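Just dropping this structure here.
Labels run A, B, C and D following the written order; every chain starts at residue 1.
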Amino acid sequence: MLNFLGLPIQASTHAGEIDQMISLVHWLMVVLFAGLGAFFLFVLVRFRKGANPKASYAGAKGKFAKATEIAVGIIEIVLLVFYAIPAWATRVRQFPAESQAVVVRVVGEQFSWNVHYPGPDGKFGRTDIALVSADNPLGLDRRDPDAKDDITTINQLNLPVDRPVLVHLSSKDVIHSFSLYEMRVKQDAIPGMQIPVWFIPNRIGAYEIACSQLCGLGHFRMRGFITVQSGADFQKWTDDQEKELKPAATTTAR
Amino acid sequence: MHSDPAEVKKSVRTYMMVGAALLVFTAITVIANQLHLAVPLAITVALIIAVTKGSMVAAVFMHLSAEKKWIYGALLLTVVFLIVLMFVPILTVNDGIGTPTRASAGAHAGH
Amino acid sequence: MEIPYIVETRPDTGLHNGKLGIWLFLASEVMLFGALFSTYIILRVGAPEWPHGELSVLLGAINTVILISSSVTMVMAWASLKMNDWGTHRLYLVATFALAALFLVNKYFEYSEHLGKGEGPWHSTFFAIYFTLTGLHGLHIVGGMVVMAYLLGPGAKMWKKNPDQFANRIEATGLYWHFVDLVWIFLFPVLYLL
Amino acid sequence: MDNVTTHESVAHSQAHDHAHHEELGFWRKYVFSVDHKVIGIQYAFTGLFFLLFGFTLMMIMRWQLAYPGRPIPLIGAWLGQDRAPMGIMLPEFYNQLGAMHGTIMVFLGVVPLAVGGFGNFVMPLQLGAPDMAFPKINMVSYWVYFLGGVTMLTSFFLKGGAAQSGWTSYPPLATLPIANGQTMWLIGMIFLITSSLLGSINFITTIVQLRAKGLSFMRLPFFVWAQFVTSFLLLLAFPPLEAAGVLQLMDRVAGTSFFMPSGLVVSGRPLTVAGNGNPLLWQHLFWFLAHPEVYVLVLPAMGIVSEIIANNTRKPLWGYKAMVYSVVFLGFMSFIVWAHHMFMTGMGTAMSAFFQTTTMIISIPSVIILTALLLSLWGASIRFTTPMLFALAFLPMFGIGGLTGLPLGLAPADIHLHDTYYVIGHFHYVVAPGTIFALFAGVYHWFPKATGKKMNETLGWIHFWGSFICINLVFMPMFIQGLGGMNRRMYDGGAQYAHNAGLLKWNLVIGFAAWGLGVFQIPFIINFFSSIKWGKAVDKNPWEATTLEWLAPSPPGHGNFLTEPIVYRNPYEYSVPGAAKDFSPQFEA
């Protein structure tokens, strides 16, 4: 019943809520369209010139139109007040506490997603645009103590299942849009701003990050990957990254 | 209303007086500015004076004090949308959940 | 059939076509400058700091006085026409034109001083908005001068043939000119003082 | 007043007009004409040309989407190295085509045809006016529009090609130094906006001032009401975009950074601009226009459809007054919904609640207008003429387009749907099988008035059914693709993404349907041109209609009416009980 629309699988806790809204509106639309459509076809046949040579000046009577309009109005109010506005509020107000969540920075650029984990200390290292280079796309200052354990990847986001994720989203150049279709997450990455997004992935698997905002000639291939893994696997991944980092961190410090 | 020469003659005095008043108000704005008021107060004072001056120009020079209802209607509509245009974008920007990424602090204490 | 209500007013609206036309035009101008003021608000609220005292209040105040005076001469040009005083009308219209030119001369000195110091529109958002707003306003002044030049020159012939229509044209020009003055009345405090 | 015009007097007057026009000479008569009818026809021709051109761009794009990376047949070889080397389209060129398709269709195709063409030609006639209030300004509007069109077209041939940041031209993408086309786009837009502003001043003044004797506001044909509201939208919503265009132009040529924040790093290098700008500022100014603009597209279409439905049902419109109030309310509301295009830019609860609510509210007047038109069919005696077929198809097609706007208007649902093909499907249903069909209906309906000839019904019938089937096959699958999560503006149709795998087959269906749609325009083009010469000659009121344009001769001469028209009744007095004929024109006592 819910998936008559062919929506992608649901891989986050709030996906069901969004899908429910989408299907509720579509039911409203289908019923309205079918009802009025049936009326329309009936009228076309019944009142064609051949069947009704003389038109009636007075035309339709009754409260049909008013009833339809009021019904549509009421349903829209219900959808707004009980579904849309509260659902939006949980998206943009009730962010998980940083201590309980996996916090990560994602920075879009033409045409890739730079991912930045704070590492075990939970603190993001300083970044500076003067340090941006081909192998340091984020401009991370590895001399900063907070930066020593920071993990950075390109186009690869690893997340543990069933834990809230808080993404701080921004962009280096133009507007991109961070969209995770299976998670029902989409948020523009706007240069000059850092915008938080959150969700709880609840399905282990591999997914994609799509860029939904036209960002130049490579927009169509600005694709990233998400791996949602068990808590243990995620820990292992983090540890591996840290191990790789240790020697690197000392050499890159200038 | 204004088409009759005698009427027009009478309004000439008004025009001169309004012209003088506008110059006086200009002087007041400049003087107020020299006082270096706190920024929010300065903005309020300057805008009040500007609105007063503007209304005088519109009402007297542009004869808006006695216009036809179609013109009032069109201008009323314009003013409504002008207010929307001036304030809704900034309200939306301020309601945003993002924070500016900028090295220097104190973004909103700017004025 | 001729187009009606070019000169005389339509009884139920009380307007002639040009009057409504010019006011609608001004309505669109209000939205044009409104968008720029809205831009100003957003940029200013979002700016880390906003410069003060970059512009010369004296020059700005002088230009305000010039424009206000030109508004008075403009309305007098119309009023003298209505009182059938052609000579005075011409005088006032020439005065308005001259004041407009003076405004631009003043503006020229202001611009060249800033540009000389490297404070072009690229310098900061403040100068960007300053040049854009005053530049657009300046273009409006130039536009008004072109119309006045026409009414002083070839357009003046109409006074003989159709004095009422000519008076309507002067009135429309006046409305436009007062509007340009009105915009400046807001620009002056917003850019020079605050 | 004598309202009965005999045949002789018509003939006489036309002969007289001819003599009069001959004096004007070719240039003044056909090129720099100040006659609203000539200007209307100029607009209509130019608009139709641009529609065809914009459609052609899209047919080329659909090839790339159906067969990513395969050389474009027929024309691929001509496109040149920097567009399609060896006939294979480059991503830059795809983006140019997309941006220009949107711009051309909206600003150079539909609006000029709907407002400039039909508005200019029909509206003064329906008012019983001799011309527009400001004929010279009317001429200037057309030529400024023409210049805008030329500017847009030449941008394809300049180095770097046309604008490629979407018709929305979001900065910083649009203000980055590359892509000269964007500068041309901005200049072109400034021309187009100026033209629309001049036009709207003219329209409003004409409607307020030049109504015939007895033609009160509540007796205006609905088409005039639609144009009236449309003109206000243009008048008050376009200037902010003009301002925004100037600002973006400053960003591109004067080095300002209105729309560019500090700290941009482009291609690994810090961008040297002053910074401190705000990219969202552009979006606000753009959508402040662009949302009202979508009603500029659809209101004239609704107007046309209402005229044709009243005429071909042979009965008055149901709920005329409610329709008028709705259209006025719609126009008003359209100024305060714009940020529903910006839900994903990080909007908080308060403002998103505001814009969601206004968006839901604005759907109600549309529902009222549509149900009124539907109910008008009850008790009718429907003539299925070609214009009527297109007008009837408008109803369900607009219905689909409008209804699919609702999920987009609910911010949480928009999370999934924003910038997917669902949005493309939504608005194409309103603009293509909706508005474009209404415009076709208008062409068939008023063609006899403009030329004195009727268009061929058989060709019209083929055109209708072919287009109707194809266009649904083009746009219906887009909803499936969008719900499945396929993004718009994808050079390869989204082939990279695993989650699109099952949706790609639709790109083939859409492609073939789009080319089929192209083929079914051929009967229209043939019909259009051949009917000018060989169409069946008709008298001044071939559809037995009631509004004032049918009082004037076909085609109307200079000054339009032979005698001053006087209005005696409401616009759609068909099948009045007790009347001798089944139509009682406004102009007959």
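Please note the rule applied: a contact is a pair of C-beta atoms (placed from the backbone, for glycine too) under 8 Å apart; a residue touches a chain by one contact, two chains touch by 3 or more.
Since this is a predicted model, take the numbers as computed values, not measurements.
Chain pairs B-D and B-C differ in how many C-beta pairs they share in contact, with the greater number at B-C. Centroids of chain C and chain D (each the mean of its C-alpha atoms) stand 34 Å apart.
Chain geometry summary: the mean Cα position of chain B and that of chain C are 15 Å apart. Here the CA centre of chain A is 33 Å from the CA centre of chain D. Among the residues of chain B, those touching two or more other chains are numbered 70, 74, 77-78, 81, 85, 89, 93, 96-98, 100-102. In chain D, the residues touching two or more other chains are 204, 208, 236-237, 240, 261-263, 277-278, 280-281, 284-285, 288, 345-349.
With touch defined as above, residues shared between interfaces to two or more other chains in chain A number as follows: 92, 190, 192-193, 195.
Chain pairs that touch one another, listed by label: A-B, A-D, B-C, B-D, C-D. Against chain B, in their complex, chain D makes its touches with residues 204, 208, 232, 236-237, 240, 261-263, 278, 280-281, 284-285, 288, 335-336, 339, 342, 345-351. Of all residues in chain B, only 2-3, 5, 8-9, 11-12, 15-16, 18-19, 22-23, 26, 29-30, 33, 39, 42-43, 46-47, 49-50, 53-54, 57-58, 61-62, 68, 70-71, 74-75, 77-79, 81-82, 85-86, 89-90, 93-94, 100, 102, 104-108, 110-111 touch chain C in the complex they form.
Across the complex, chain D is touched by residues 1-5, 10, 13, 15-17, 20-21, 24-25, 27-29, 31-36, 38-39, 42-43, 46-48, 120-125, 128-129, 131-132, 136 of chain C. Those residues of chain D that touch chain C in the shared complex are 129-131, 133-135, 197, 200-202, 204-205, 208-210, 235-240, 242-244, 246-247, 250, 254-258, 273-274, 276-278, 281, 284-285, 288, 559-561, 564. Residues 92, 170, 190, 192-196 of chain A touch chain B in their complex.
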